[in-house]
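Notes to accompany the following structure.
Letters A, B and C name the chains as they come in the text, with residue numbers starting at 1 for each one.
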Amino acid sequence: MSALDSVGSDEARTLDISLGPQHPSTHGVFRMNVTLEGETVVKLKPVFGYLHRNHEKIAEKNSWLAAMPYTDRLDYICPITNNWAYAFAVEKLAGIEVAERAEYLRVIVGELTRLQNHAAFLGFVLGDMGAWGSALMYAFREREKILDLFESLTGARMMCNYMRFGGCRCDLPPGWIEAALKVVDYFPAFLDEMEALLTGNEILLARLQGVAPLGAARAINGGMSGPVLRASGVDYDIRKVDGYGIYNRFKFRVPRGEVGDCYDRFMLRVIEARESVGILKQAIAGLPGGPIVNPKAKQRGFRPPAGEAYGRIESPKGELGFYLISDGSDRPYRFRIRPPSLINLTLLEELCIGTKIADVMIILGTVDIVLGEVDR
Amino acid sequence: MITDVLEKIHSRFPGVRVELVNNPGPSAQHSLLVDAKDARAVAGFLRDELHFDFASNVSGVDWPPRKIKEAVVRKETVDGVEKEVKETVEHDVPGCLEAVYHLYSVARKCGPITLRMRTGDRDKNVTLPSLTPVWKSADFQEREVFDLFGIRFEGHPDLRRLLMWEEYADHPMRKDFVAPDDFEYEPTPHDEILKRVKARAATTGEGA
Amino acid sequence: MNIPGSGIFKGLVVTARNFVGSYFEKDRLTTEQYPEERPTLPENARSFPFLVYDGTDPETGMRCVSCKICEKECPPQCIFIVQDRDAAGKAIKRPKVFNIDIAVCMSCQICVEVCPFESIRMDNAYELSAYDRFSSLLLDKSKLLKSNTYYRSIHPTEAAETDGRIEADRLKKEAAAAAKAAAAQKAAAEKAAKAVEAAPELQKPEASA
C-alpha cells in the first residue's frame, strides 16, 4: 500500500507529534503526545514520569525531619510554601501549636514566595508566547531581590528548608525587615510596569483572550485549584476557607475571573500579587516578638502519635496537601503529596481540543505547572 | 460532621455497608470505610445531594499482613480453684491495599470527608470501582495509585501507568518492593546490538 | 479613540525607558559581570559542610567527637564516619574517617542543626567544580577540617554565638569542678576535724615526741 492510497483516510489527515520531553516551553521535562489535524489539536495525551524521583518512598525511609529538605525540591519555584504545607500537615497530625512570631514569619515568607512565583509566571508565560527572554528578565529582576532576601534569612536562595514543626528554623537577621519592606514597597511599581508593557498589547490580547475557556462546574469537578479555579469564577481560596495559620487576621480580597480563559488565568495572578503585597504590609507591621519555634515540639527524634492527617495550604500553584499516616515510629508510614500541578493538568486534554497547536503552549503556561511537583 | 454524613448515607441507602474508621491521634479526621459494591452509589450521593463536589486527594496505602498480639484474660479452673489466666493471643491480620479519597465541598465550603475502600488482598483481588466518572479529578490520581500500588480501578476511562513507563512490571510504593541494583539501567532496543558487540569482542579478542 | 497598535507602542515605550535608563540609573543595570565581578554573599549563605577545629593543629583541635548524630540525620546519607580507637582497641572520641560526598550533599544544613558539639558548620565556597566526580568531590577529613579563625571570617555572627556558647559551657564546667573540689575539700577537712575530736589522747604522745 503506497502512501497515495491513504490520502483522504484518517491516517493521512492527522499528524502525531510528541511535544517534549525536551522542549523550552513545557516548564520542565514534560511530554504531550498531540494528534493534529492541520494545526488543530484533535487528541492530547500527556506523558508524565520524566522527573519522577519517588519522593514518597524516600520519605518512608528517613525520619520526619529529614523529609523537610526534600519538600523544597517538589515545586522548586516556591520552596518555602512546600515546607509550610508539610510542617502544617505534621502539626495537624501531632497536635503541635505554632509559636506566634513564627506564624507571622511564615505568612511573610509565604507571601514573598507567592510574589516571586507570580513574577516568574509572568516571565515564563511571556516567554512561551514568543517574547523570548526580555519580559522574563524584567520579572527576574524583581524575583532576584526576593531571592536575595531569602538568602540572607535562610542561607539558600531557593532550597530554603525554613519551616520546622511548630515554627521556623531561624530568626530574622538585623536589617531584614527594612530590606523586605523596601522590596514590598517597590513591587506594585513593577506590576504597573508589567501591566503597561502587556495589558493593552494587541498581540497578547489576541493570543490570550477567548482561548480555552473553562466553566466553574467543570473546573470544580476536574479538581482544579488555586488561580485556575478562581479564574473560572469560583470563590475558593484556602486561605479564606480554611483560615489556616493566622490568615483570618489579615484583610485581603480574593479576585475571581469571569470566563476562565487564558487571559483570566493570566491577569488573575497579577491581581493576586497586588493583594499579597497588602497582606505583606499588614504582616510586617504586626510582627510580634517571642520565640520562633514551639519549645515543646521535638525536631530530631520526633515521634508523632499513631494516626493520620490531611493538611493543605494555598500554595501559589493551587492546593498543596500532604496526607501523612504515622504508626508511632520515627519515620512516616505513608507520605502522600497532593500535587496541584498534576491535578490541574487533568483537564488539559479537554481544554486543548479544538485549539491550535500554538495555543497548547499558552494553555499549559497559564495552568502554571512545575514538573518537580507533577512527578515528585 | 462525619457522623452526620454517615447517618445521612445510612438513611438514604439502608442496606449499604459503610462504617466509621476511628482515627487515633490529635487530628480527629475520621474516615468512612465503604464497601466496593456500594462505592459508586455512595459517591454519587455525596456529590449530588451533600454537595461534596471536590475530590481533593486520592492516595493508595499498602497494609501488608501483620500479626497483632492481644492480652487476653481467661478464667480457668485449676485443681478445683477458679483462676484468672493472662495470656497473649496472636491474631493474623490479612493484608490489603487501600484507596483513600479526601473530599471537600466548594459549594458549602466545608470538609474534609475521608472515604476508604479496601481490596480483598494484595495479590489476587485487587480491583476496586473507579470514582472517576463521579469526580474527574480522580483520573490521574487513580492511574498513579494503579501504577505505584497495583490496584485496578474498574470503570476508569484510561487505566495506564502514569509515572513509570508502560512496560514496567513492579509496583514501587508497596512495602515489599525490592529496589533494583542499578537504577540507571533501562533496557533499550540498542541492548541487543551491544550484547552482540561484547560477545564478538570477547571471542575474537582485542584488535578484532 | 483606540489607535490599533497603541498597546504595542506603550510596551515599546517601557522597553525604551529601561534601555535608555540603564545608561543613567545604576539599579536598572542589574547584571553582575561574573567572573570579573564576584557577588557579595550575605552572611548566612551556605554551600557545603566543613569541620571546625580550634587552635592551630587540625587533628588535636578538632571539635568532632564522632557521635555520629549528623550521619544518622543526614537526609541523603552523604556522611560516613568511622570512630577512632586507641592502641588498646578502646573507642576514643575522635573520628578516624569522616567523609562527605558533596556530589550527594543537598546543603540542607540539618547536620549543623543537630550537632551537639558545635563541630560541623556550613561553608560558603561555591566554586567547587572538578573534573573527576569520585576523587575530587568526596571530601575526607583533611579537606573538611578548617580553623575557627576561618569560620569567624565567613560567618562572624554565628561564630561569635558559637564561641560564646562554648565559653559559657567551659565556665560552667569549671565552676562545677571548682565547686566539687571545694566541697570535697570541705568534706575532708570535716572528716579530719572529727577524727581529732574523737581521739584527743592519742595526740599527746605524738606532740611530745
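We adopt the following convention: contacts are C-beta pairs under 8 Å (C-beta built on N, C-alpha and C of every residue); 3 or more make two chains touch, one makes a residue touch a chain.
Here the structure is a predicted model, which means the values were calculated and not measured.
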{"item": "From chain C, the most remote chain by mean C-alpha position", "value": "B"}
{"item": "Geometric centre: closest chain by C-alpha means", "value": "A"}
{"item": "A-B or A-C, whichever has more C-beta pairs in contact", "value": "A-B"}
{"item": "Cα-centroid distance, chain B relative to chain C, in whole angstrom", "value": "45"}
{"item": "Approximate Å spacing (C-alpha centroids) for the pair chain A, chain B", "value": "27"}
{"item": "Cα-centroid distance, chain A relative to chain C, in whole angstrom", "value": "34"}
{"item": "Complex contact set, residues of chain B against chain A", "value": "23-27, 29, 53-57, 59, 61, 100, 102, 106, 109, 112, 114, 135-141, 148, 161-165, 172-173, 177"}
{"item": "Residues on chain C engaged by chain A in the complex (per definition of touch)", "value": "4-8, 10-11, 13-15, 18, 30, 41-46, 69, 73-75, 106-110, 113-114, 122, 157"}
{"item": "Complex contacts: residues of chain A adjacent to chain C", "value": "62-63, 65-70, 72-73, 134, 138, 141, 144, 148, 151-156, 159, 161, 169-170, 173, 193, 196-205, 299-300"}
{"item": "Touch list for chain A against partner chain B, complex", "value": "48-49, 52, 54, 56-57, 92-95, 218, 220-225, 234, 236, 241, 304-310, 312, 319, 321, 323, 325-326, 334, 336, 338, 342-343, 345-347, 375"}
